[in-house]
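Here come two complexes built around subunit A, the first alongside subunit B, the second alongside subunit C.
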Partner chain A sequence: MPHVVTDNCNSCRYTDCVTTCPVACFHLSDERAYIDPEVCIDCSACIPACPVHAIVESIDLEPEQQHWIEINAREAKRYPVVSGKLPPLNGADARRSELGY
Partner chain B sequence: MLDFTRAELGTAGNPLKVAVVGSGPSGFYAAEALLQSRLTVEVDIIERLPVPYGLVRFGVAPDHAKLKSVTAVFQGIARDSRVRYFGNVTLGIDISIHQLTEMYHGVVVSTGASGDQRLNIEGEELEGVHAARDFVGWYNGHPDCASYHFDLSQEIVTVVGQGNVAIDVCRILSKSVDELRGTDIAEHALDALAGSRVREIHLVGRRGPVQAKFTSKELRELGTLEGWQPVIDPKDLELNAASLEELNNPNLANAKKNFEILKGFAEKPLDGRRPLYLDFLQTPVSLSGDHRLRAVTLERQRLEGDALNQVARATGERVVRPSGLLFRSVGYRGKEMPGVPFDDKRGVIRNKDGRVVDASGQRFPRLYTSGWIKRGPTGIIGTNRACSVDTVARLIEDLPMLEAARPGRNALTEYLGQRQQRVVSFADWLSIEQVELDRGRERKKVAEKLVSVSEMLAATDVAERAAA
Partner chain C sequence: MSVHFSETRTVRGACPQDCPDTCAFLYHVEDGVLVEVTGDPEHPMTRGGLCVKLKNFAEHHYNPDRLLHPMRRVGPKGSGQFERTTWEDALAEIRTRWTEIISEYGAEAIVPHSYLGHQGTLNGLTSGDALFNRLGATVAEKTYCESGSSTAWIMTVGPTGGLDVESLEYAKYIIVWGMNMLNTNLHAWPFIMKARANGAKVVVIDPVRTRTAKQADWHIRIKPGTDAALALGMMNIIIQENLFDADYVQKYTLGFDQLAKRAAEFPPDRVQQISGVAPQDLIQLAREYATVQPSAIREGVSVERSPGGGDAIRAISALPALVGAWRHVGGGAVEMPIWEFPFKLDFMCRPDWIRPGTRVINELDLGPALTGLLPLDPPIKSLFVYNSNPVSQAPAAGQVVSGLEREDLFTVVSELFVTDTAKYADILLPAAMQAEQYDLMVTWGHLYMMLNQPAIRPPGECVPNIEMFRRLARAMGFDDEYWSLPLDEMLLRSYDWSAPQMEGITLDKLKQRGYMRLNVGAPDVRAPHAKGNFKTPSGKCEFASSAAEAGNFVVPVWRSGYEGMQPRTYVDPVPNYIPPVDAMGATSSADFPLSLVSPKPHAFLNTQYGNELTQQRRQGEQLLVIHPIDAATRHIEAGDYVHVYNNRGSFDARAEISEDVSEGILMTNVGHWPGLTRSGTAVNSTTPPRHSNLGQAGTFSDNLVNVKKV
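And now, the complex of A and B:
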């Protein structure tokens, strides 16, 4: 089951996930990250790496999160692969504490 | 004398020459990190076996094919024109660490954790008591393990450990041969498993369901076995206050998920499938039998301490359970190599952020380490990518200290040639792989691995003759 990046990544984009990805399946927009489901090998290494718990294996998605499967598949095609860590977005730490992590 | 004519290290005309020892994930990701730096580099990957990929080939279970597909990434790295693969070359036997640091600007040791942690209890030397990693190596066709024998005529098996390796062992023991037949599991393992009489498995660990290290993904898979049912004593799911606190810690999402899965297992009535008991808060204290294992004495544990710092303490309550086969899976452990500072307590190369240091903190010039031999056997394939990226960043920071000229690949090739070492190139590996794929096709399997070094070398000879 593919892994997907959900809401919490918005305005954070910590990118700790991309260094742990063994197959370079993360694509980054200016706002957030997406996983290419055709490249992801479902290893789950990225899940504990995300400081804001944005990454979920699709089998664990809540019903109201299901749309992220399609969004990741679609948006990953639009943005370039990033496989090295970047600085988080401005305000990421504030959003992180807002999210309770 | 200063050489003012030489270009800066890491630029065209003066490439940074690095040897990476080990071709598992951490080795390949160290190579990748060097390739992705903006430097001009020359990277040589040195591997003890003829075949690459370390624990992806010999550790990842054969029924986890998708995970194994990461080898496509490694192949891409190996095929980069700046990389050369030297298979069948053993550090410490065919070449010393000292020689490598004379030949290369930097050396990254990424040899993984090739030993295992013992239980250190009475009876551990009995026949029928094994390291899980030997069993894993056996079913994955590791040349060191191909001739091992596991007595699968035993009916009750104990697996000690609370991590993914322990689960892998349980799953391979409990899947039917038909479920495994199409994978790249070694033929000798498939034959032995076909005659298995195992009908009861106990997965035993000293800690509770909230502390177990399984990833949810692996745990969940135990609920999907055709012929086996995971069984849990509901009492084990009654948590103390500290465990409840851990369960509600937002940073321990895996524990919460595991607990939900375990609750689901516990709620299912027994349905006649064979039982795979998940026994928490128990630890083996002695093993008994005549010359071979007959029984395991287990002692009930109780968790004490604050949340996140709980330790399992013996309660004195003991039970003796018959068991004819036991696999210990309480951790892998790095092995010391000659000339390299080693922390025997942790089973890792002494290092500070990947820079190798001795016991007094003195740098070992040019020597770096990454992966499990650097930080211990935790984390999965991708965790090692982040680890190797960090180590290579330290190496690149040190560039001014690494400037002295080094002959690199030419010197290694020449030296191994003089020794008449049979070096396996990456092209040779691809011909070994082709043989394995062809043999697999005949047997309707993904691949049939060659399980001895001599067979592997013979496969490259055949390919060379065909090309000549």
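And now, the complex of A and C:
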């Protein structure tokens, strides 16, 4: 099942994920990343790459995380594909420590 | 107070699956338990990621349904009722039954059945060949996949590795022809994305708007089984408009005049009538393909799965020479680079043990062969199945089941799980899974030697196939040196390690590094046929094949190294379009008007992982994709259960209404375990047990059916 980028990506946007994705399904806004579910091929290569554990396969989402499926599908269409790593957002490292990673 | 330090280690391995990617594994083991299997980030193709199919591979080893001990049937055939027995008793029973059969009917009454459930040198496609050749059994022709393409490729360009998928990065025009790469060749896709970032155009030719088609710059929909007409139509335009590479053709090809004459029989309007591809699309495709160099074709195996599939692959494989694409790095065609590996089939399969005149039975004829529809003397009295699951994967599955129900048939199945086929076994033998065994993988989609080293011990009494066949050999009284050589010695004798492409590659280095690339030139410089050098008898790309004179043949790797009893049916020296004919007796297409294609599943590897709950969730239930018009005329709504049928059989599926298929075309996936579906059957209940014109490939895509709401 398609993967989704959840909460933890907000204000981090490390983009390690985009370098491991074999199909370029990551779309980036100024704040965070989204996965296009029509392009994701469910390989999970991105999951261990994310320093803040933001990426989850949709079948593993908790009930309170279900809304991320719709958000990723919708927002991925609004933003461009990025397939090369970008610098993390300012404050990403602080947020990462806050998240405990 | 005791402190426990867990022991963690990483072992290098390689994926066992029948997939062109053969990924480099890292087995992560803690205290003797396999906790995770990940992709090696250093491997140029694996790049650290596996795929959806292999995601729970560590857990798969510990699936509680694993077959752990030899079993003996206690219930009716197919009931799946077994009792535990010992290896000793199981082998003794096999010896007794086989000895009786040999004495009454001769050894040819024993028939093996296997394919690529495992892809190793020691445990894979050829692992049982030596035993069955030694026994004098019928030679099984293993043509489930690729055999039609192999024959076609060798007839046209010879046994060459062709274009390396890694070189696709340097192409400027890429045609993916009949392959859903994102499902079945995922790790080659990044090279296409790199090419695209450098300006390449990506074209997908496929009857279905697949995931891959959705990613392409241009999707050309084609009717199933009509690829040869499209390829010949392209040639017609290329020749008429003088877009071919006259210098390359003159120096490095054979039979241009004959090809030009054949191509001229395929003007755009005829191509449209046959394939459904519009003239303007054909013309644009031909012009772009010829003039934008380097142009590359990724040939999919699906093209072979029609009556004219062999000639379609020949026609497609001839295109790069016509336009001179082979001149360039990144130009040419990717088919199966396996021919670069210096196998020693004489050792692996021991065809010297085959008694002259031994018969051949094609595995796709299993149903007719077991049920008497294919007259056989002697009849098949024993079937030994390993690395395969014919109840799901063979065509005419209903006939296969009827045959397996025969009380007089002694069936032995070696398996990981009690599959739909294993349910019919008289004796079940437990097989080891990949992390539990040693093997050098046979790869057919890239140019790396890949060593799989065992990370954990096999559970219960499971054994690798090589050990099983050694036990069987001993049980049958064979004492040849072959059955007791150390495994490394087996590997050393299975390859020509002194071949130029193996320079610097040793087993010791493979044990350290896990994988090594053949010395065939790096992807950024390799252009194997820039100056001809084709591996055909003439050394040229043979538009008119010199091998055609001897008739149709199956490449020996698919038939235990055997050269005898080839089909030898007529082959036109120049590829032609041979139409699909789902000629089901006297029936007409009015009864069965819809054409069903059944590509590989996304989350299963054929049937492997189809019994894993998580994979079932990822794959979803058996779906039938149907065009809105075909659905409306049958009052089918999205989500309805539908019955798909013809006069060979039927299965049920849930309808998905989509324009991803054209009107008149249906799509479902092969690989769902028949016993786990709603109807107890799957798509191969409807497919025909017939062959493509080359290499005895199956014709799974030449399948007319009808559909009704359940």
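What we mean here is this: the second predicted complex is superposed on the first by the 101 of 101 C-alpha atoms of A that agree within 3 Å, B and C clash if a C-alpha of one lies under 4 Å from a C-alpha of the other, contacts with A are read in each partner's own complex, and residues count from 1 in each chain.
Here is the rule we use: a residue touches a chain if its C-beta (ideal position, glycine included) is under 8 Å from a C-beta of that chain, and two chains touch if they have at least 3 such contacts.
Since the structure is predicted, the reported quantities are computational estimates derived from the model, not experimental observations.
K.L.:
Could you tell me whether subunit B and subunit C fit or clash when both sit on subunit A in the superposition?
P.N.:
Pair status: clash.
K.L.:
Among the partners subunit B and subunit C, which is in contact with a greater number of residues of subunit A?
P.N.:
Per-residue touch count on subunit A favours B.
K.L.:
Quick one: classify A:Ser83 as touching subunit B (first), subunit C (second), both or neither.
P.N.:
Both subunit B and subunit C are touched by A:Ser83.
K.L.:
In the superposed arrangement, does A:Pro22 touch subunit B (first), subunit C (second), both or neither?
P.N.:
So A:Pro22 meets both subunit B and subunit C here.
K.L.:
Once chain A of both complexes is superposed, is A:Gly100 in touch with subunit B (first), subunit C (second), both, or neither?
P.N.:
Touch partner of A:Gly100: subunit B, not subunit C.
K.L.:
Just subunit B (first), just subunit C (second), both, or neither: which does A:Glu38 touch?
P.N.:
It touches subunit C, and subunit B stays clear.
K.L.:
Contacts for A:Gln66 in the overlay, against subunit B (first) and subunit C (second): which applies, first, second, both or neither?
P.N.:
neither
K.L.:
Now for A:His53: first (subunit B), second (subunit C), both, or neither, which partner does it touch?
P.N.:
Only subunit B; A:His53 stays clear of subunit C.
K.L.:
Determine, for the stretches 43-51, 349-357 or 583-591 of subunit C, which one clashes with subunit B when the structures are superposed.
P.N.:
Only 43-51 shows clashing C-alpha atoms.
K.L.:
List the residues of subunit A that touch subunit B in one complex and subunit C in the other.
P.N.:
Shared contact residues on subunit A (touching subunit B in one complex, subunit C in the other): 20, 22-24, 41-45, 48, 59, 83.
K.L.:
Within the complex, which stretch of subunit A touches subunit B?
P.N.:
Spelled out, the residues of subunit A in touch with subunit B are 16, 19-24, 41-49, 53, 57, 59-60, 83-85, 100-101.
K.L.:
Using the touch definition from the top, list the residues of subunit B that touch subunit A in their complex.
P.N.:
25, 29, 36, 66-67, 69-70, 72-73, 215-217, 220, 250-251, 253-254, 257, 379-383, 385-386, 389
K.L.:
Which residues, counting only subunit A, touch subunit C once they are in their complex?
P.N.:
Listed in rising order, the residues of subunit A that touch subunit C are 1, 20, 22-24, 38-39, 41-45, 48, 59, 83.
K.L.:
With touch defined as at the start, can you tell me which subunit C residues reach subunit A in the complex?
P.N.:
Those in contact with subunit A are residues 38-39, 47-52, 55, 182-183, 186-187, 189-190, 193, 197, 211, 214-215, 602-603, 614, 617-618.
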